[in-house]
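In what follows, subunit A forms one complex with subunit B and a second complex with subunit C.
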Partner chain A sequence: MRIIVALKPTYDVSQLKFDSEGVPLLDTCPVTLGEADKCALEEALKVKGSLGATVVAVTVGQSEAHIKGIKDALAMGADEGYIIKINNAWNISSITVANAIARFAVVTGPYDIVFTGSGAGDTHSSIIGPMVSALLGYRLVANADKVEVKEQKATAKCTMEDGTYNYEVEFPAVITVTSEANEPRIPTLKAILRSKNMQVKEIGPEQLGLSVEEYKDIKVIKHMVERKRVIMEASDQKSTEESVVKLLTFLKDEGVI
Partner chain B sequence: MNYEFSEEEKRFRESVEEFCKRYIEPRWVEIDEKGHIPLDLIKRLGEQGLFAIPVPEKYGGMGGNMTLAAIAVEEIAYHDPAVAVAVYTLLQNGWPLALSIFGSEAAKQEILPKVASGDAFFGIGSTEPQGGSDVAGIKTVAKRSGNKWVINGEKAYISGVREISELPEGGGYFLVSKTEKAEWGHKNITDFVLLPKWHGKMSEKVKPTVYDEIGRHGISTGGFKIEDFEVDDEFRIGEINKGFYYVMEGFNIARVLVAAATIGSARWALDKGAEWIRERKLFQGKPIASFQGVNFRFAELYAELEAAKYFVYRAAWMVDNTYLTNSPRFKPRDLDVPVALAKMKGPETATRIYEEVLKWLGAYGYTKESNVYRGWLGTFSYTIGAEGSQNIMRYVIAREVIGKEYVSHTG
Partner chain C sequence: MPGRELAEKVSGLYGEIYYSDLGPFDPLAYVSALYEVASSFSADIAVFPCTGKGRVLAGLFSAKNSRSTATDVYRVESKKNSLVVRRLVYGGKAEASLELNLPATLCLLQGSYAEAEANLASRINKVSKQNQSCRVEFIPKKVEGIEPDKAEVVVVGGRGIRTKEDLKMIIELAGILKGAWSVTRPLAVDEGWSETWIGITGLTVSPKLYIGIGVSGQPHHMMGARSSKIVVAINSDRNAPIFEECDYGIVGDLYVVVPEMIKRLKNVK
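Up next is the complex of A and B:
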């Protein structure tokens, strides 16, 4: 069996600090693989342990953090690791990322499963996996809390807003995994030392047939809403009632209601 | 000269940190409160490969080195500042390495894999009730009887006594003993592997007691009487009457890790202190960190901690060169001063940092709720003893630097 695990290094939100103005201090924040991504890798490594599989870790981007993310994946037990060399990886659109991963799967494939985290640690848009499945024409199971892989198919339990779904899916398939799915292994010293001489392989966008046009920077437009900081006192019954009236009038004047 | 950790060392530190955040940090207060490291945690530490790090893989070890062991111990102490788990871990790295250097093939094959997996404990049995600093003055005696040795005596203030009785396999000590007769001197000492409990069976010839201590409650310290305990000659460590030299080298190895534990705990305390002095605001909203009386002291303590850290990792690097890469330039005796510097500086720096941080925290620091006192009491154990007292470190440095002809431990 051959498995891809698509990974993205993100800011470790648990260690993120803010300055006195509330601006996040990104420069001092460690960058690591997201929790759900690690769980996706763990699922792949479990299959490797039980059924035997070649696990290929891949990330889109070529920064230090991307290289480190792939080395971490090798230390955890991935057999091969790739970075797709796009230098503005933080600023490209999700469809471009998904396309790069799908092209990678075609060029280095065939594969039985593409595992990925249900969402990245930072943006958490949860769209890469579904896009990859659409681009490759693979079946999709999204947001799996529990995965069981057999020779030809997998079963997965997925918690959705309206309930829990149990799926059975034949390969090839894309399975996105939540951070509830397992407890990802922590690389042991022996595994770290073993992975020391493993190469992080590089693959250029041109090798994947991606044109520069496709991965140009996207423009980020921020919508800022100026807060008006209107404060209503409500310390007792009387002031609470008065405040309710004031609040309703204010919201009407603003055109909100 | 290179002052940077290698990529693997950094990755290993991260992995230990992740392990600690998951399995130790949520439990360290409970461990200190209940006076017990849960056996499942010991097993996990073994499974994660945090014991026998510098021991060769052929004896079940991790095939790493002392630098990596020091990283592990420092990081564990950061997440268990009361240091019980760190002490447990350091003993399971230092003394297994000493056994792998000086022990017989049979003893290494028998014991080390079980220590590495976390099923057995292996510590040091040197100190006796009449005094630990004077190793030449011990009274435990081993008498040869055919292919066996019969040992009698009493050991005191020994770490791991209760853990041996609780672990599934058991465990034992690098035991320091007089050969045939209890006469003062260092040329009549032989070391043995003493296993009061092995294959899950407790010997009736070793009678342990456990002491009630003021800190680092998670790991036990106790004593035991040894009555006609028989040890196979195969479990003798090294040559007859050379035991004093082996145990001194063993102390040099273990002391590096003791110092690593104290700097890990001290770093936690200083981080806690920094967080507090930034946030505590007095005199019309000024953070107390803005007062020179506080921030100058912070700078001094930070400098001391950095210095202690350099001592620790230089000593670890020297142990690696001396015993693991066997670089011909390094002799065991060359370790005496670098190791004594680390073991002197680490615990004393930690104690100083704790005392200051407790003051920064004000009355809150004096409450049990702040938990800072746990680290203070834990690291203080190492200013008293365990792998040698602080005065003995001073004695070693003075003896080696000023000269033997001027410095005597009996004068």
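Up next is the complex of A and C:
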């Protein structure tokens, strides 16, 4: 079985800070593989362990974070790792990213499964997996909390806004995986050392016949929801009572209770 | 709800309404019905809700029908051949404004706009049956009480809640405030304590009052609650990100604070 895992290094938004003008300080924000992407990789590695598979990790972008992401994937157990060399990968359109992955699958394929995270840690669009499915004509399972892969097909449990969906799909399929699907393995020191000798392969957009579209005039600033941030203490009985009384008074004054 | 019934429910709001009875959500069958409708007239803009299924369909649809796509959109300004949209990024901490060429596909955040009112003469059309792409078994969620996305007050329990039994005080507080209750995703999906959850893959709510109890305020969750009018946080961790984006917060043990709130509210009523 041949499997692609499409990965994206993402900003750890919980640590994102802004300057006084509201411009995000991206240079000082840590970048790591998204949690859901790591779970997608883990699912692929589980298949490798149970049924045997070649697992190919790929990311779109050529920054240090992208190379590091692929190295991490190799340390976890991916057999091959690629970066698709596109500059300014943070600013390219979703369709360009999806096209890059789909073209990569065609050029280096065929594949049985494309695994990816159900959403990236920073933008949360959750549309790349579906786009890749449409571009490749693969079947689609989105937002899988539980995946079981068999020889010819996969079953998956997906929790959506209106209930639970149990799917059974034949391959080839795109399966997007949530961060609840599993506990991604932590690579052993031995695996990390072994992966150091593995090559992060590079592939250019021209090799994939890809045209790159960047967003025009994208402006990103701090989103100001005017919040009052009145923080009260409840460290003992007295302060608890006072804080609760104050809170309820505030809420009455706001007209919300 | 059967397609026909849904179509009639929104009758008056649209000139043309298409419905189909495709059974439980099979992404490729659903989108092929959309392709069929879209090919019958050249649409400039396709709008989907920012829900789990809405995002899936927007991704599938846009890959074939438009090259510009944006999710988490809350403002749209229309120009001659393009749209200028504002969308949330970085877990809702930042907003991006960008220009999308037409045709464009959007996922619009719930609560961004007031509900439309119109009285158009609607024509209701049925879309033909599509091929199934997979086997689907659907287990609908069962919501007891008010649905969170329709409530004016939403009380949400997070990781700070230790047992399912302890959720009772969340439910009691919601009941006193005549609101709905829900949880964060791990409590619903990992623990199975609730049929609904608030967040990017679950429900988006925009109540007058949101109360997060033991909720740390992870971006995944807050994206689903950000358009609430007033946000209240109760958490023992002073550094929890939710305190950065609440109107009123109490730093303290929820097991002490919430019973105190319930007691006070009961005395008043």
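The criterion applied here is as follows: the second predicted complex is superposed on the first by the 199 of 257 C-alpha atoms of A that agree within 3 Å, B and C clash if a C-alpha of one lies under 4 Å from a C-alpha of the other, contacts with A are read in each partner's own complex, and residues count from 1 in each chain.
Criterion: a residue touches a chain if its C-beta (ideal position, glycine included) is under 8 Å from a C-beta of that chain, and two chains touch if they have at least 3 such contacts.
All of these numbers come straight from a predicted model, not from anything done at the bench.
Tell me which partner A:71 touches in the superposition: subunit B (first), subunit C (second), both or neither.
Only subunit B; A:71 stays clear of subunit C.
Is A:48 touching anything from subunit B or subunit C once the two structures are fitted on A? First, second, both or neither.
In the superposition, A:48 contacts neither subunit B nor subunit C.
Could you say whether A:186 touches subunit B, subunit C, both of them, or neither, answering first, second, both or neither?
Only subunit B is touched by A:186; subunit C is not.
Tell me the contact category for A:194 with respect to subunit B and subunit C: first, second, both or neither.
The answer is neither, since A:194 touches no partner chain.
Have a look and say if subunit B or subunit C is in touch with more residues of subunit A.
Comparing touch counts on subunit A for subunit B and subunit C gives C.
When the two structures are overlaid on chain A, which partner does A:162 contact: first (subunit B), second (subunit C), both, or neither?
So A:162 only meets subunit C here.
Name, in rising order, each residue of subunit B that touches subunit A in their complex.
Residues 7-8, 11-12, 15, 18-19, 22, 48-50, 53, 57, 62-64, 68.
Could you list, by residue number, the parts of subunit A that touch subunit C in their complex?
Subunit A residues touching subunit C: 11, 13-14, 16, 18, 24, 93-95, 98, 118-119, 121-135, 139-143, 145, 159-170, 178, 180, 213, 215-223, 225, 227-235, 237, 239-241, 243-245, 247-248, 250-251, 254-257.
Please output the residues of subunit C touching subunit A within their complex, sorted ascending.
Per the touch definition, subunit C meets subunit A at residues 24-25, 27-28, 31, 51-53, 55-64, 67-69, 71-72, 88-99, 107, 133-141, 152-153, 177, 185-186, 188-190, 195, 200-203, 208-209, 218-220, 223, 226, 229-232, 241, 243-253, 256-257, 260-261, 264-265, 268.
Which stretch or stretches of subunit A touch subunit B in the complex?
71-72, 75, 183, 186-190, 192-193, 196
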